[in-house]
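The structure that follows is given in the form of structure tokens.
Should a chain be cited, it is by its letter among A, B, C, D, E and F, assigned in written order, with residues numbered from 1 in that chain.
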Amino acid sequence: MVYLTRVEKFNAAHKLWVAEWSEEKNTAVFGRCANANWHGHNYTLHVTVKGKPDPYTGFTMDARKLGAIVKSAITDHVDHRNLNLDVPFIPTGIQPTSENLVIFFWQQLTPLLPPEIALYRLKLYETDSIYAEYFGE
Amino acid sequence: MVYLTRVEKFNAAHKLWVAEWSEEKNTAVFGRCANANWHGHNYTLHVTVKGKPDPYTGFTMDARKLGAIVKSAITDHVDHRNLNLDVPFIPTGIQPTSENLVIFFWQQLTPLLPPEIALYRLKLYETDSIYAEYFGE
Amino acid sequence: MVYLTRVEKFNAAHKLWVAEWSEEKNTAVFGRCANANWHGHNYTLHVTVKGKPDPYTGFTMDARKLGAIVKSAITDHVDHRNLNLDVPFIPTGIQPTSENLVIFFWQQLTPLLPPEIALYRLKLYETDSIYAEYFGE
Amino acid sequence: MVYLTRVEKFNAAHKLWVAEWSEEKNTAVFGRCANANWHGHNYTLHVTVKGKPDPYTGFTMDARKLGAIVKSAITDHVDHRNLNLDVPFIPTGIQPTSENLVIFFWQQLTPLLPPEIALYRLKLYETDSIYAEYFGE
Amino acid sequence: MVYLTRVEKFNAAHKLWVAEWSEEKNTAVFGRCANANWHGHNYTLHVTVKGKPDPYTGFTMDARKLGAIVKSAITDHVDHRNLNLDVPFIPTGIQPTSENLVIFFWQQLTPLLPPEIALYRLKLYETDSIYAEYFGE
Amino acid sequence: MVYLTRVEKFNAAHKLWVAEWSEEKNTAVFGRCANANWHGHNYTLHVTVKGKPDPYTGFTMDARKLGAIVKSAITDHVDHRNLNLDVPFIPTGIQPTSENLVIFFWQQLTPLLPPEIALYRLKLYETDSIYAEYFGE
């Protein structure tokens, strides 16, 4: 088994805000991330798949095809978008934290991968100093 | 003369949109950057000052003091903010492109520097692939 | 389970030197790392915790709280310090290699984490080319 | 157990081309990677070993020794070389993809490590956006 | 005047070899860079233009247009190519060093820029440790 | 004229401390940088020379030769050393700040460069967030 990772980037706006909470509680919990008029990030997503390299091509999976799938499943929907408002697969009222994003991205991506390829890990950098990883369970 | 650079980061939302233009024209000119609900970036700002190192301290300028000035003059106002709506020193209707931001940041910063220190260059990364530089004229 | 990583940095001096060994043996084993007057590094520490994202906040753990704990448990004690002489939780005579540091950092950090959060991995970069990882056993 | 990683770099030429296939098929499958006159990359290899730090030295393994072994086993043979033509341990007709390279590198490296040290992971960056990982099985 | 930089990447093979020289002299001068079967690099090109930001768009120049021009003028011709053999605008027998590449790239790029925009600087990274810069004279 | 840059790294200990000042004043001015038992950094030095590429080699200057000169003139003397105590060309009592280091490095380097090559710029990163540049005057 050899693991192949493809890195894709997107730029998006978001805020963290629980509708059931007061402004005071939102600010106490989320700090500047609760700014009413949003803020944003350059996100970097590492998509890792796992499989046996093909004896002819030497590919676990064609990295260009993997890139195209990630684009159509994820980055086309989130790049230059508002993660709270604009993305059909992020449910309203769920915080678009990196931890939740990797779970939603996993659900988007797995149905589109070839059957012989397992999605192994998603790693999402929100900044250089904060990132989330998900292994599907 | 020795040049000293301090790097600071901030995360902000923005969009590019000319109010006098139709939606069609805005989209034609700005593409995804015109998304109505905003998008955002992790910005990285390099602030370079120029001076003669002090014979006692060896400092062109104390980098911690420079960091504190950049924070109070710039990043406190733009970090986790909306660059179109939330920042007093960015005039309404002016596009918050990196090119315009470095000009506004220059105006904010110069009055706060010690008289013996010249601001030499501002360099603002909007993404890893796009950055603007300004030398004050 | 979603893994959340917070990255923190510190700058420290150290040397590698076994007191029971001759200067010749120390130099033969440690090379330039045995320099009597110390050398130093910009260390980068990746702290990864593991947990279930909170249904309200979407946080495995508040990254700012994690940062504050790492600061009080680790970086406040090692930043701008001498790792052989200045750090109470690094025993005298134990080499402050990256491999040993991640073990000591683990011991410092685990008692301070909330009970529902497991420390998963510490990864310490000593340079861009050398890093150590520890998973607690 | 503490994991120690040493990072080494090399620059090499290669192409992806299955001799049994027509030019049309090679181009359809490999795209620009099938360019007849080769292309090339700056590769970055992360070699991770696993062991118990020595009580005297604090080393899982001396990182300089690990670097020397990686150099003699791998990078001396691939740096400034053509991966399809110049490397004895890459069989003719096998595609020098990152996925296959990490398998060949694993075979080169394991016989040269000290018996108490286990090779844990090879991670090979072909570009900033594509990398392969191998754990030996 | 505000300077705008767009970063583009390409992967290419090359070798350094003076046809009039013996193999011995080529190897003595160029070392491993003279390897007969080529080697290669991931090149990173920073293209900096200079101009006055447009009062409506806030752009020195639309970074997407600049990227498209760099692609059609340069990277389409050198990406996944052999710099000694495959590139019409690199004369046969001229060494494809980074120093020469930035001069050829400059000649390719300047005729395609809008008249109000001046090309200010090309900066080409051959590796993380070696780069060339050219200002047009 | 084409500018060529070679990047070299070194790891060193230092502290900032003016002997004529009290401990209180040193701590007030230098903060944690005055720690009695030193601290340290991974320094990254960018050495930029300027010249006309040779018509045969295409080199402004052979980057390997430049690297060798930087090593013998600078990094051999400062790598794994204490910048306050161990380096002959840093005068006692002068603070080893990045600003002063680039001046001393300039003096070391210029006599060793070939006559047709001008040293253009030294850029020294002390951390990812602080760097000094010197152009020789």
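Odds and ends about this structure:
Throughout what follows, a contact is a pair of C-beta atoms (placed from the backbone, for glycine too) under 8 Å apart; a residue touches a chain by one contact, two chains touch by 3 or more.
Remember, it's a predicted structure, so these values are computed and weren't measured experimentally.
Listed options B-F, C-F or A-B contain a single repeat of the B-E interface, assigned here to B-F, on the basis that more than half of the contact pairs agree by residue number. With centres set at the average Cα position, the gap from subunit E to subunit F is 29 Å. One simple way to say how far apart two chains are is to compare their mean CA positions; for subunit A and subunit E this gives 34 Å. Averaged C-alpha coordinates put the centre of subunit A at 41 Å from the centre of subunit F. Contact with two or more other chains is made by residues 31, 128 of subunit B.
Working note: touching chain pairs come out as A-B, A-C, A-D, B-E, B-F, C-D, C-F, D-E, E-F.
Against subunit D, in their complex, subunit C makes its touches with residues 16, 18, 21, 29-31, 94-100, 102-103, 128-135, 137. On the subunit C side of its complex with subunit A, the touching residues are 1-8, 48, 53, 56-60, 62-64. Contact residues on subunit A toward subunit B in their complex (touch as defined above): 9, 11-14, 31-33, 35, 37-42, 79-82, 85-86, 127-128.
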